[in-house]
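First subunit A sits with subunit B, and in the next complex the same chain sits with subunit C.
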Partner chain A sequence: MNKSIFGGYHPLVNFLYFGYAILVPVFFVQPVYLALSFASALAYSVYLNHGKSARFGYGLAILLMAVSAIMNPVFNHRGVTILTYLPDGNPLTLESVLYGVCMALMIGGVILWFMSYNAIMTSDKFIYLFGRIIPAMSLIISMALRFIPHYRAQIRRIASARRGIGFDASSGGFFSRVRCGGEILSVMVTWALENGIETSDSMQARGYGLPGRTAYSNYRFDSRDKTLLCVFAVLMAASLTAIISGAASVQYFPMLIAGTVYPYAQISYACHAAACLLPLALEVREDILWRTLLGKVTTNESV
Partner chain B sequence: MRRLPKRTAFATVLVILCIPAVIAADVLFFHDRSYYAVSLIIIALAMLPFALVFEGRKPQARELVVIAVMVAIAVVGRAAFFMLPQFKPVVAIVIIAGAALGAESGFVCGALSGFVSNFIFGQGPWTPWQMFAFGMIGFFAGLIFGRLAASIGAPSRDGTMRPAAAGGAAWYDVARLGWNVRARKRVSRLRIFVLCAFGGGITLALYGILLDTAAAVMFTQDGFSVTTLLATYISGIPFNAVHAVSTVVFLAVLARPMIEKLERVKKKYGLYHGNAHE
Partner chain C sequence: MNLFEIRNLTFTYPERNLPALNDVSLSVAAGEFVVLCGKSGCGKSTLLRHLKTVLTPFGERSGEVLYDGRTLGSVPQREQASRIGYVLQSADNQIVTDKVWHELAFGLESLGEKTPVIRRRVAEMASFFGIQEWYEKSVTELSGGQKQILALASVLAMQPDVLILDEPTSQLDPIAAEDFIETLKKINDEIGTTIILSEHRLEGALPRADRAVVMADGQIVCAGGVSEVGLKLKELNDPMLTAMPTPMRVYLALEDQDKGGHVPQTVRDGRVYLEGKMSGGADSQRFVRPCGAHPPLRGVAGMTTEEPLIEMKDVWFRYERDGRDIVKDLALSVYPGELVCVCGGNGTGKTTMLGVITGENKYYRGRVRVFGLDPKKSDGRTLSDAGLAVLPQDPQTLFTRPTVFDNLIDVAYACAKRRPDSIRGAAPEAAHPATAKNANHITPEEVEAEVRRVCELTDTADLMGFHPYDVSGGEQQRTGLAMALLTKPKLLLLDEPTKGMDSFFKEKFAAILHRLRADGLGVLMVSHDVEFCARYADRCALFFGGDIVSEGAPREFFSGNSFYTTAANRMARGLFPGAVTADEIIESIMQG
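Moving on to the complex of A and B:
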């Protein structure tokens, strides 16, 4: 299992999903929404990153969550329910602790969502989506991304050529090695700039920037994407309506007041959770289907 | 200064009006609570005019590729120093790009270096802030040092290459020495010193302050106050100091060879002498 099913959908669907999932908790600090978002983000990032080492991402999430959970009650003294007094004489209030926890869920959720985003929204999808809106910058992004492995290979080539004429960057004293390494980089940069100019002349010769040129794309918007897009649109619209109308709004200070309008709030929570968990559900369904089919194949073979 | 197309100028004015409107809307409708959300919108709006100006003038292939090369060098540089936290050459390379290619290209190079390097290091809530900080550094470097601007290969409206003299030559004394390669003088020591001082200062003042503000806004949305902001700035001092020192070191080492290489390419490919396709 190395290919994500949701990642196989059209980039537009992917981007809509992550745009919603990342921006809603940032703009709408509501405990139930945040808890649902965080749980979905955690589940999806664990699913997508299984087998891969993602220790850095989780470590960062935990660290930022701890900092924000602690910083809020320490610096924020609003709220009517005083729990105790801090050493500096300021009150520690229940509301600020709760708000700190909500902030921690928000920050942690955003970090976790980005871990999934990095796994699904590869750079080619981003360039495909934004190629028409910001064509020049998309081209720079895609060229820069291509240059990176290109330069690594070129550095290896230059280093071996330099070794051949007696300037080995991997042996000798510290300073001679630094000098040899610097020479390699210097050659690389000169080559990169010249190579770049030649590339652009070649682009020019092939008609870059002329009117009527189209861009190659590998993505098709098929019925599967249409269905998922419609489902997302309905779920997200329902959830956003509740946010904008204030049916699920919440006030933290001076005391916690959840202005929850029943049953709209419950419906909006359900829609939000469904929208956040849908891709994971698709992945799990596919895994189950795959295993079932695999089981059938093996039983047939053994018969 | 090149005259801006009407559409771009209009968009810029609109964006400038939008920022106070967003803050007002936040105070009125969200009761001044969603600091992070509002700061994100402002950052996005602040970057928009640069993007519009750049896209609006339909840059030539040569200009795009040279910016892409600088972005790739910055990203490779950031990746090469992954084991030393904060000790990164990105700001130095963005400053060199701004100085050699001009303010506009400097902004694009900075913003995209932040964006592209995060494809390797991971996108996150910090990405827009990094893009804006790097972009502004490139922009200011271009404004202050980039009078040579004559962005590589960018032809003027009538299709001919702009002569460097039009922008005034900042790096070489062209008037005295002409474009003779042998007579070319090396970039002066004083200029490198000024560049290093600028690099260290702007790393602290712009990148450090912006990213620390981002952190403060993220951690303490509602508790956001001068106290928390100051606490974040103070705890960020060691990190920003290392970052500033690294920028100075990289500029001291890289500025001269890099600028000379960029100038050499400009000259070798005939970017100053009328049409490139002679």
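Moving on to the complex of A and C:
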């Protein structure tokens, strides 16, 4: 996997970024903001995700975007600018097409943002952040992440063991399959309860339940995080102030009116774009840095 | 200064008549490495659990346990949590969190340590155990041995004075087990942590121990230096003698106990001793008296005339299209009545090979026939009906009902329903005239008679009323075996059956297999346990890199290997070339 630079920052910074990037287009469906968000989301997700696993995400995004972009003008006939008439006699309006495209950008953008989110916000980071708020939660989530694969493997083992003495849940009639499947679950429940005793012994033996438990994490909030957090805070504050003052006010029907209410709209767009693209910029800067370093190393070697 | 002092401890579990611990007195000095041994069920775990308050079982108790001069109960929980470290049997069950680093920090979090302190301790532990490589990994990615090391490291991060370990290697393969014991020795030597270890695999543990304690029926039989305990066991003629490491057994069998002195414990010491002993003898014409535990059931010549139960030729298997081949060009046959053992290191694909036979892993090249059926094209039911049964590594995966009896009846019924003729053929005495008319109807009496017959064979009759989880590991294994046998197999596949068995039960297990094989049951066993294979197999094979690289009768097989062989063979190499078990060395010297 690609080692992400932004992923190396403190989880709080990561979370703040994704929180902003995902929520703004969801709540403020203004065409310029949507377009900027979508373009940034696309660029960052392409940078972070490669290979097979990404294909599913892009496929889903394209599908949902197409559905939204086509369905809206087909069923929504509001708007004053009539382009043509549909076969059923209803008008096809420019406004409804635009609205469909904007919705598509919003949906696609959210999916793409989540693809990047998954690549950056590992379960560790999520647990850490929420462990800060509710300390018991972080342990519970961590234990759940431990035991789900553990139990899944055990179910596989049980199914194979039962198959070995002729109780095959994957063959035979419907009722015998259901019966074999039920037996696998019953073995699983007994096994989990019984072996859970040893788990609880192990926890108690290591002092679980003593008052004053702390939550440890590998993350440190250093000056690099502080700087980036400040930059984000300034950009996002500027962008959000503008949004609240009306930069994102928009009206699609009966005719499109956007961005005209607020005088410094261009500045707020720039702040929004900068906030959304900053992580990608950091990644690219790092890549260039390494390439030049590597160039120096190789030239030194060849000399 | 005694770290632990146990005084006249007697303990009875609720609703039991016999005490689990009977007047046990023992003291452990700071810095000692103590090994606690004895048959399974002798009270080792119960005793160890009395050394930490949160783990102490409920029941009736008298006597006292002192820790550091105070009664254990008066030592605060926080102090106990940190100073008395406890490692349990199953690595999988004692790991609580999803990431290695979090697991290392778990105990320190409980103690309420601040982040910088935890960071330092965790880093120390990771460096000491060499786990930097997998520090960030998920625990599911670790091997069994790594998991147990992690469990140990996470306890050690709390900086305990004493480590108590309850059969920590019973779920590990021999190489991982040896590494684990070696790590304990390192901790003992380099940090000075006191170690109290209960073990049934004594070959590795005893030579490293300062003191051994032997228990039986809730009492301490003898305790002291390892040599001393060996000599004492001989004097008492205690059955634990057979569980001692090979060099000790040979020495104790050949020497008088009053000779005393140092009893050899390692293969090296054993060799030195044997060489000294043999140089005195004039006769250089040493031959080894074959001393297999059971007479071989049939000669090699007999095999070729019979139809094989399994026939594998040029078999290839891999899990993924682009993955590497796990089974490569494998050829293996098993004939009726044979016990074939496939040995080999971890991750060589032995268990995968069993999956190919059961049809769970579909081979992509070659030919496999099980009773003439192609497992790739047959489902589990058809293969079971044809006579294939598998005993899994963990018999707990088989139990569906709350009593042993119900579990057995369940299997017997299912088989009787599917194959009414099979049950009749084996138990003709049960087929009384009324039902004989209706060949397809099996009466409950017939099923019960069949269950009783198998119970007698597997020695499970006494367990009938118990919940299968309440009986010991060896008994669970026997119950699993009984369930497998009730399907009327002609071929039994065993996956590491001796893991976690003590030496007494291994003998019993081999005897049961021998009885079954006399009736023509073929057994294919995958095992790490070279000592067991050498003693009881008809044929052994070494699995490496997906294929069987050498194969033969145990004697030729093991005496041809120089590393992958029994301790007895390594000890007697060059002196008694053919000897592969301790009994063979002893017999050869006594006779020769």
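We take it that the second predicted complex is superposed on the first by the 233 of 303 C-alpha atoms of A that agree within 3 Å, B and C clash if a C-alpha of one lies under 4 Å from a C-alpha of the other, contacts with A are read in each partner's own complex, and residues count from 1 in each chain.
Following the convention adopted for this analysis, a residue touches a chain if its C-beta (ideal position, glycine included) is under 8 Å from a C-beta of that chain, and two chains touch if they have at least 3 such contacts.
For clarity, every value in this text was computed on a predicted model and none was experimentally measured.
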First, second, both or neither for A:145, with subunit B first and subunit C second: both
First, second, both or neither for A:186, with subunit B first and subunit C second: both
Touched partner set for A:172, first subunit B, second subunit C, both or neither: second
First, second, both or neither for A:204, with subunit B first and subunit C second: both
Touching partner for A:123 - first (subunit B), second (subunit C), both, neither: both
Partner chain in contact with A:67 - subunit B first, subunit C second, else both or neither: first
Touched partner set for A:233, first subunit B, second subunit C, both or neither: neither
First (subunit B), second (subunit C), both or neither touched by A:194: both
Touched partner set for A:76, first subunit B, second subunit C, both or neither: first
Footprint overlap on subunit A, comparing subunit B with subunit C: 123, 139, 143, 145, 186, 190, 194-196, 199, 201, 203-204, 208-209
Touching residues on subunit A, where the partner in the complex is subunit C: 123-124, 139, 142-143, 145-146, 149-150, 153-154, 157-158, 160-168, 170-172, 183, 186-187, 190-191, 194-196, 198-199, 201-218
Contact set on subunit C toward subunit A in their complex: 52, 54-55, 77-78, 81-82, 85-86, 88-90, 92-99, 101-102, 105-115, 118-119, 122, 138-140, 151, 154-155, 158, 355, 358, 360, 379-382, 384-385, 388-392, 394, 396-400, 411, 414-415, 418, 469, 483-484, 487, 493
Subunit A contact footprint on subunit B (complex, rising order): 33-34, 36-37, 40, 51, 54-55, 58-62, 64-69, 71-73, 75-76, 79, 108, 112, 115-116, 119-120, 122-125, 153, 218-223, 225, 227-228, 231, 253, 257-258, 261-262, 264-265, 268-269, 276
Subunit A residues within the subunit B interface of the complex: 26-27, 29, 56-57, 64, 67-68, 71-72, 75-76, 78, 96, 99, 103, 106-107, 110-111, 114-115, 117-118, 123, 134-137, 139-141, 143-145, 147-148, 151-152, 182, 186, 189-190, 192-197, 199-201, 203-204, 208-209, 252-253
